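Shared between the two complexes below is chain A, which has chain B as its partner in the first and chain C in the second.
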Partner chain A sequence: MYGFEAMTFNIHGGYLEAIVRGHRAGLLTAADYNNLCQCETLDDIKMHLSATEYGPYLQNEPSPLHTTTIVEKCTLKLVDEYKHMLCQATEPLSTFLEYITYGHMIDNVVLIVTGTLHERDVQELLEKCHPLGMFDSIATLAVAQNMRELYRLVLVDTPLAPYFSECITSEYLDDMNIEIMRNTLYKAYLEDFYKFCQKLGGATAEIMSDLLAFEADRRAVNITINSIGTELTRDDRRKLYSNFGLLYPYGHEELAVCEDIDQVRGAMEKYPPYQSIFSKLSYGESQMLDKAFYEEEVKRLCLAFEQQFHYGVFFAYMRLREQEIRNLMWISECVAQNQKSRVHDSVVFIF
Partner chain B sequence: MAGTSMVAYSSSWSTALLKISPYTFSAIGIAIAIGVSVLGAAWGIYITGSSLIGAAIKAPRITSKNLISVIFCEAVAIYGVIVAIILQTKLESVPSSQIYAAESLRAGYAIFASGIIVGFANLVCGLCVGIIGSSCALSDAQNSSLFVKILVIEIFGSALGLFGVIVVTMYVETCLELFSPES
Partner chain C sequence: MGDSRGGCCPPMDLFRSEPMQLVQLIIPMESARLTVAYLGDLGLLQFKDLNSEKSPFQRTYAGQIKKCGEMARTLRFFKEQMLKAGLSPSATSVAQTDIDVDDLEVKLGELEAELIEMNANGEKLQRSYNELVEYKIVLKKAGDFFPSAQQSATAQRREMESNQMGEESIETPLLQEQETSTDLSKQVKLGFITGLVPRGKSMVFERILFRATRGNLFLKQVPIEAPVTDPVSGEKMEKNVFTVFYSGERAKNKILKICDAFGANRYPFSEDRGKQAVMISEVSGKISDLKSTIDAGKLHQDHLLRTIGDQFEQWNLKVKKEKLIHHTLNMLSLDVTKKCLVAEAWSPVFAKKQIQEALQRASVDSNSQVGAILQVLHTRELPPTYFRTNKFTAAFQEIVDAYGVAKYQEANPGVYTIVTFPFLFAVMFGDWGHGICLLLATLILIVREKKLSSQKLGDITEMTFGGRYVILMMSLFSIYAGFVYNECFSVALDLFGPSAYACRDLSCRDAYSIGLIKVRNTYPFGVDPAWHGSRTELPFLNSLKMKMSILLGVAQMNLGIILSYCNATFFGNCLNIWFQFIPQMIFLNSLFGYLSLLIILKWFTGSQADLYHIMIYMFLSPTDELGDNQLFQGQKTVQHVLLLLALVSVPWMLLPKPFLLKRQHENRQRGQSCTPVQVTDDTLHSEANHSHGHGHGHEEFEFGEVFVHQLIHTIEFVLGAVSNTASYLRLWALSLAHSQLSIVFYEKVLLLAWGYDNIVILVVGIIIFIFATVGVLLIMETLSAFLHALRLHWVEFQNKFYEGDGYKFYSFSFALIHDEGD
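Then we have the complex of A and B:
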């Protein structure tokens, strides 16, 4: 019953919710980012990060640091926290936490299949995979030639199996088909996650619906913009949009026929939450769109922490951590390549 | 006598209720007083305790201050015990001819009602203090200046249990002094 979660939530979820809120207090603040943006070398970054919660993970790294090492260690911290929470969780929280990682699983699958297509070594690809999305038998993805084999050999045993029903074809995997496969899988995953949250009910359903709807809409806009000028037909494009969210169904109709950015802007400005995002960009510009979407996402994720006794805080924390790792990667790359003037182009402050 | 005037309505609910002995009503009242109060206190303590333990992992300084929330919940159980003991002292045996006299029935119902009053007042009070205590622990872990402010809310919440105890104390004093077996 909505409104009365406070009476029974803490039986199973109270301890973990308190832990995730403790982790949230350890996210980097604007002051930390200001310090990091003023660093001259990667060693300065390591020194500043050792004063934050990343300290124990970075202190043993030898001196010529690479940006990939920094990002890898920060991701390792996220993975450790996630695994700690997952092993303490009971149903339905454990299923909820697992749902959060399916997006990474999809990305890993696509990474390996694309890499194999371009004749890369499997071991090298496995090292680039995101640790949260690993599963056993991921290495056998390199063997598959088309989607049917992909499904039959590897994916039928993973949690991604139900998402494949819409995209099993016998076509050979090339770049275009792989992107379509990625988006189809992600669409099925978002819809499944959405249904699961609705089933949980209460505050979790309400907060997660909002966050997932924003995700679905953002993906719809990105798919539209990325497929302008490619050979993706309008019907195919419409099939990749999720069937929930603020843009469903009328916004999707308009987005499906867009041929350039200004038409996309025109379609999106009818929706007040997205109108404020698009008003930050001047006409014809799409580079800042990613950053504008990230800022809006961070704002909504921080709002999820305002309410107690729901599972949305776990999802919000994982996403905020990932945003922080993206920020650290951008800052490290700018510092390593000596382009500190561009540092503020892509860093989204969390608080 | 009360029994004979009820013969004409021998199959009605009112007869059934009136024939339940006032001893039963008073015993159930005392059971509810202590049982439901302790339920409320336990509920509140587990709600606060689970959040407190989790939050104290990252912010160990909050443990000693936030035990106050647990103490407020425990006080709710103590109110229930006190009232149960007071109600017990009001129990008296009456000769069997007097069991269904009006004064006996009144005494039995008074103890039953007192039990319900204090039991459910303490149940909601324990819940209230527990939920606020959980939020208090989590907020204190983020920002220690919030602790005293949320504690004020808890104090108001714990007054709810006190209201129940006050009403019951006055009720048993006024209702039961009229009944005395010697008269």
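Then we have the complex of A and C:
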């Protein structure tokens, strides 16, 4: 269904859409990546980045750089941009923007809980959290001993609370539990986000449903591959898949019973959009799958910019920047560890 | 090309851009840095990037640039520190012997290390100081409310206990480790924690605590009035003093963790009042001790920063220069032997001697055995355009450059713009009262020039300041035009003697022009004040201004076409003279030149002829009798001749040029040029395009394309002659609008308020009048007249001759460092 977005969208969303498109123009290009890949030291990377939009964020860093500093500063830029947009946004765009960060929130919760389980220092863990997924009482997570406490103490105040209703048990937390919790939360989050976008209607619904469906399907595949050979039952596995997306429902049935990577491949190749992804991989290989999925995602995200008057561009921009930061991290790591031959393994060109 | 300078026009510095040459410098490696530094001081070279295919860090001097970047970072760090300490780098830095870059790097590094260490020490002290301050506050505040809080906590707990006894079923496992409620004295022994929590988080803090202990605690918070400095972050924030009473070890652990999570600083506290007093005095003593230590450290740091501040500007400049030098060095290509660098650069011809001197100086100063070599290269590439402007002409040149930078050595309209631009502006803005206001405003800018140019201005002020001399000229010309129009804030004054007209008798008080007779000589300068306010004022002024606009327009367009002749002779392009300049001249002047002539004739003879009628019927029915509209003898014959000339000149413009170009091309193809090769615009253009791949004489020639091009040009000129002349009528329209607007403000505001004989209304009226005059007439009207004058120059004037497809000469110069801010 199309509303008349072209008529009214710009009243509230026009300024921010212009901003986000301006930001997009600052994404690194293939030429930048080529130059970055030729860098010999991290200082070279800094020098190259100083000519890009990252310049002001990196210029005051003293010279022996670390990969973490580069990534931290680049993320800081993204966060600054996000905060600026959030400040300017009105409903329902502000809610939409907030939805984008819930994924990071889930990751942060899981990170802290796992970290406390392995008795790591809370401050250290907090530094590792993604700044977009921070909330006030996040440090308090360390106090909780089981899911129920987790919920009642901390999460009830956060936007994640409704997603938790499915996984409240009084079991003590262990690695397996946490991973299931993460995926359950993610499932609920994606479904909620999907529903929210459908409610917005128009081009936003159309484009976001495509992007979210891809996300859901990718998670489904990852869950399947990661759970092969674990004690997760088929039913439990089935429960972790989001209830929408291209694979829903028949693809899920097939994925739920897969026992090795080739079966996953068999199930997925029935879906034309994913056929091309799997056709790039040789049989029995799952290493390159992540990259293939990322590449496909980047392609789809870039396409979101082709249409105007919808919120998908914000989602797409945030995701593209995150991908760019991942790229930078990988390149920096390769340069720092003198593994330049592997630079191209995981870099996904955006343009 | 440079030899043929002159031609029709006297040599003027601004009329043609400086002759340029491409020079090659071969600089020995050891003296390269110094040479480039000297050339930067000179600022007359534009280096070409010979390594454009290399990325920044693959170039020879990437390391040095990185070093400079690092030094710049250190300097920024110093600046930040100085700002924090409330010091500003002194502008007049101590003149010091030239410091070597490597030494500077070492020195900066040392200073930075020292400063960082000092900061770290200071921070540690500051932190403990802040902690103590907080502690003191906690002690004081908590001491006030502690006893009462403890009592109520105990009371609450008892109550809860008794409640629990009643409802055993509730799953509250928290108090299990407590002994049974029989031993009351033991139960009352509550643990407590005191500390500070940021006020923004206090609500959440309380809630989480409540949830974590299932309500089994007592929390008391008291806000602190003044914000305190947080020891961890060092920022001032508002905080609450809190005391939590709890029971049991597990609750304590939880509360401690939550406190950590919320950044709540905990401090030990004693229940005993006596002990509290002791602690307070102890803490106060420590605070004063620390205070003096911190002050001493601060003093030391201030001293260090001050020494840095003295030389900061000098260092900053040095680092920037160094960075620029290495950027330039990176553009040079390395010789095969790796012993010298090869540079290619554009430079004005006159600078050759200065450059050679600089090179010599550099090789002497760097003790190099071999001097740098300078040789002139010959190239077909179009050199950059370089005008030597001063602060007066620069702004006018900017007006031209905004449209397009002149092609190398083509006639520069900037020369004429200096006068014509303010003049056309003034025609639209003619009011000497307003002109004087504008003059005063711009005089302020000019008088304070030195001060203003050194400081950073806002966007709009910057623009006004940059164009101050343009505005000066505009205001002078509008004062002149105001006298011609005889308008001062729309009031006509008889400054140049009494009006030439007077009433026939006493009855004509309304000053209708019909009722007036000429009693004296014509009013000596400008419009007679008697016209003002008369019924025929508007028709008279309209006719005057309209005719004047056409005269001005035709004159300026003729100038444009003459400039195209200057270009053609300068570039030795006969085709353009014979088949462009001459027919264009004939066409324009046979129609609109004739109209101008008629206008002048009509003014002189005072004839009543209808000029519209003459012009229109000159085309529609040239054979008709002119009747009343005859202005001079033989007018009809003249008109016939002119009409014929105009008709002939159109195919003259259109047809011969493409065919001649084609023949020239064919001649060249055969390799036996009958005439010396004429470098026409088109061939020059195509050569510039193909200079890389093709040699001479291989350029493509598409007859169809050239013909269509010529067709478009011809149509554009013929139509343009009409529409451009009409376009000059905007001079009249804007001038009319300006005078009518000022009349409205004067009569409907000022005179109306005057009529009321009430001081308040008068004051209000004057205020409104001033605001309207400044806001609408002085600012908005200036802008709109400026824009229209701009358009007349860019479109009507410059399209007659100006190509404007050159590129600017950007010299490598240290002088520019000062201009650019951070």
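Keep this in mind: the second predicted complex is superposed on the first by the 349 of 351 C-alpha atoms of A that agree within 3 Å, B and C clash if a C-alpha of one lies under 4 Å from a C-alpha of the other, contacts with A are read in each partner's own complex, and residues count from 1 in each chain.
The working rule: contacts are C-beta pairs under 8 Å (C-beta built on N, C-alpha and C of every residue); 3 or more make two chains touch, one makes a residue touch a chain.
Every value quoted in this text rests on a predicted model; they were computed, and no experiment measured them.
In the superposition on chain A, A:76 makes contact with neither chain B nor chain C. Look at A:30: by the touch rule set out above, it reaches neither chain B nor chain C. In the overlay built on the shared chain, the residue A:257 is in contact with neither chain B nor chain C.
By the touch criterion stated above, A:308 is placed in contact with chain B alone, chain C being left untouched.
Using the contact criterion defined above for the overlaid structures, shared-chain residue A:161 touches neither chain B nor chain C, since it reaches no partner.
In the superposition on chain A, contact of A:39 is made with chain C only, not with chain B. When chain B and chain C are set side by side, the one touching more residues of chain A is C.
Taken together, the two complexes place no residue of chain A in contact with both chain B and chain C.
Residues 43, 46-47, 50-55, 57-59, 127, 131, 134-135, 137-138, 141-142 of chain B are the ones that touch chain A when the two sit in their complex.
Within the complex formed with chain A, the chain C residues making contact are 55-58, 62, 65-66, 69-70, 73, 76-77, 201, 204, 207-208, 211-212, 254, 257-258, 260-262.
Those residues of chain A that touch chain C in the shared complex are 35, 38-40, 43-44, 47-48, 50-51, 59-63, 122, 136-140, 142-143, 152-154, 157. Those residues of chain A lying in contact with chain B across their complex are 6-7, 10-11, 14-19, 21-23, 25-26, 308.
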